[in-house]
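My structure is below; once you've seen it, I'll send some questions.
Just so it is clear, A, B and C label the chains in written order, and each chain counts residues from 1 on its own.
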Amino acid sequence: MTRTPRSTTRRSLLGGLLAAAAVPALAACSSGITSLDGQGGGGTGGGSSAGGITIGTANFTENQVLGYLYAEALQAAGVKTKVRANLGTREILIPALEGGDIDLLPEYQGALLHYLDPKAKATEEGEMQNALAIALPKGLQILPYGMAEDSDAFVVTPGTARKYGLTSLADLAKQNGKLVIGAAPEVKKRTVGAVGLKDVYGVEFKEFKSLDSSGPLVKGALKKGDVDVANLFTTDTDIIAEGWVVLTDPKNLIPGQHVVPLIADRAADSTVRRALARLGAALTTKDLTELNRLVDKDKKDPEDVAHGWAAAHGLAEK
Amino acid sequence: MTIDWSWISDHASDLATLTVSHLQAALTAVLLGLLISLPLAVLAHRVRPLRGFLLGLSNILFTIPSIAVFVLLLPVSGLTRTTTVIGLTVYTLVVLLRNTVEGLDSVPARTREAAKAMGTRPLRVLLTIELPLALPVIMAGVRIATVMSISLVSVATYIGDGGLGQLFTDGFQRNFPTPVIVGIALTLLLALVADALLVAVQYALTPWKRKRA
Amino acid sequence: MYELFADLGTWLTGAEQWQGPDGIAHRLTEHLQYSLLATLIATVIALPIGLLIGHTGRGAFLAINLSSFGRALPTVGLVVLVFLASGLSMTPVYVALVALAVPSIVTNTYAGMTAVDPEVKDAARGQGMRGHQILWQVELPLALPLIMTGLRLALIQVVATATVAAYVSFGGLGRYVFDGLAQRDLVQVLGGAVLVAVVAVVLDLALSGLQRILFRHRTA
């Protein structure tokens, strides 16, 4: 019932006290924590996927594609799965994961880390993986991250870029109080969002317009000129198609966003770890971008494009 | 805005699943609403001070946006079908409670007194005289509540449920009108069929009305 | 639960919460604007239809079925459909709200007209009144209580449903509900819901007050 994610403060304090060297020790004594080399997998987590796994996905296309890809990989490994698509935002999904409504969720390293610990400093993939292991609430763990990456991007139209001389996020601060930003409502309270832009770059917008996650509202508003700056995903093919300008991030506000499975301890066993690690090692950013395009532009079903990809990569159920 | 007919035929089984899930949520809510509102209505009918309170409360519930009710239930029942059903039940109560009270009011006091004078026990009077006579008004409420629930289920798409409502968010996110049109058409069809069935049920339940007609 | 309501008090009374583009004052104004305009458009469309059906006695079947049809129409679907057809504007919201309000007004107006005692109408005709005179001077005043009931019902539904404007990027009190959902900020959701309920109740009381004034004038 509070506005900040639960137990963040205590855990980030814990994170600060522990030097990086102490992390393996913590991992060793805490059951179900992910392997720390980033690509390990295996291990005994104490969980079991025997009863089937419910995969939840967030309210944007790519997350649904990833959810169905997870389902393909798990089914191929003999795990029963159920996908619950379009459940909402991370803010809604993580409590649902803790509460048992879902067991597994496709996540993004940096965004997840900043949700759990808004003051997190880690930017390199391995570091983030460690920081995540510490910041996660009890009962949840992350598995090795995948190759594919989808970052947040703040984009402007070429016209806006020229008019205000914008090339980087730092340039936004010179126009404080003049520009309107459009993003999904949750981005208003996120570090990788309005909060971080203010803290790191000193940017203050004239207005924050609550729209959607790289969807029709935010892109429509950017085209119409209702917003000057839009928060989109780097895997959105419209950025290139429309010739939008992605503002650079010289102070590294936006962390690396490799796709990473977030799973409840109760469902994590070695079969699941292996299956998702194989998927993560095979799926590239380019693949993911193309799958998104197939769903958004060609109106294919996310489950169909996921199946097509998995079959082509030998990861689908035989 | 064109309809992609092949999408519809390709998704026939998905659409059937969503329709069944949609109907199940709406009907469960109406049944629960009836179970809750019947005793409450009897109470409101008998105890005057309670009547204003209960009807007033249900009127206020009606002014709260349904999406807010679903979201506020999240800490209680999570992202589940239960949340959808509880939320919908709240709205059926508004209609069912009012109509059931009005139905009981419509029973002539003389009829009730006559039954009592003949030594019939109060519970028996309620079950064999008052409720059957109140049935037409109660059934009118059930029909409204059913149609309203069928229409409201789709709001639960914002919390990941919502039956046919999932077609709306899907079409919205992908700029794809076909699922949206199909979703609206199926919702209207469900409502129409359910309403017609309820008319038939009412006809079967009130034989005395037929004889008189 | 207790904590939630305590936080609600803080949320509702915070001075900064009332100011700026996302402040309560602004959102409240937007919400009133959407609701009143939609109800007004609906009244302009629905009142003549209801009066005509009631006066002529033709099309009653339409009036009754329209109300059932209107209740079944899923607002979210309608908003999305009109959005996809017409693009990003307030049009989808107004179309959906008007579609929601029209049936209540038509059916109640019709019901009000049919409730007028035929003998009264005959008497008026006997006094040499013409059709339109009977409509304006006899039927309409007598049907007014039920017409007002329909208007009040429509307004309450519209106020509660105007939250959907926030789904397609616009403002109003629904902003708090949708933003609160995305941010899992239940205090904000509850705050939005309470404000919507207050607006609905206040507008309903205002209309019922208006109704009473109109009545007193009639019967005096």
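The rule is short, and it goes like this: a contact is a pair of C-beta atoms (placed from the backbone, for glycine too) under 8 Å apart; a residue touches a chain by one contact, two chains touch by 3 or more.
These numbers come from a predicted model, not from an experiment.
The chains touching chain A as well as chain B are C.
Each chain gets a centre from the mean of its Cα atoms; the one farthest from the centre of chain C is A. With B-C and A-C as the two chain pairs, more C-beta contacts join B-C. Rounded to a whole number, the gap between the C-alpha centres of chain A and chain C is 41 angstrom.
Centre-to-centre spacing of chain B and chain C amounts to 21 Å, using the average Cα coordinate of each chain. For chain B, residues touching at least two other chains, in rising order: 74-75, 157-159, 169, 172, 175-176. Each of the following residues of chain A touches two or more other chains: 1, 88, 92, 95, 212, 216.
Each of residues 178, 181, 184, 186 in chain C touches at least two other chains. Residues of chain B that touch chain C in their complex: 1, 60, 62-69, 71-72, 74-75, 143-144, 147-148, 150-152, 154-155, 157-159, 164-165, 167-169, 171-172, 175-177, 180-181, 183-184, 187-188, 190-192, 195. Those residues of chain A that touch chain B in the shared complex are 1, 56, 59-61, 84-88, 92, 95-96, 99-102, 212, 215-216, 295-296, 299, 301.
The touching residues of chain B, when paired with chain A in their complex, are 4, 7, 11, 74-75, 78-80, 157-160, 166, 169-170, 172-176, 178. Contacts from chain A toward chain C in the complex involve residues 1, 3, 88-89, 91-92, 95, 184-186, 188-189, 207-212, 216-217, 220-221, 224, 226. Residue ranges of chain C in contact with chain A, taken from their complex: 3-4, 7, 21-22, 87-88, 166, 168-169, 175, 178-179, 181-187.
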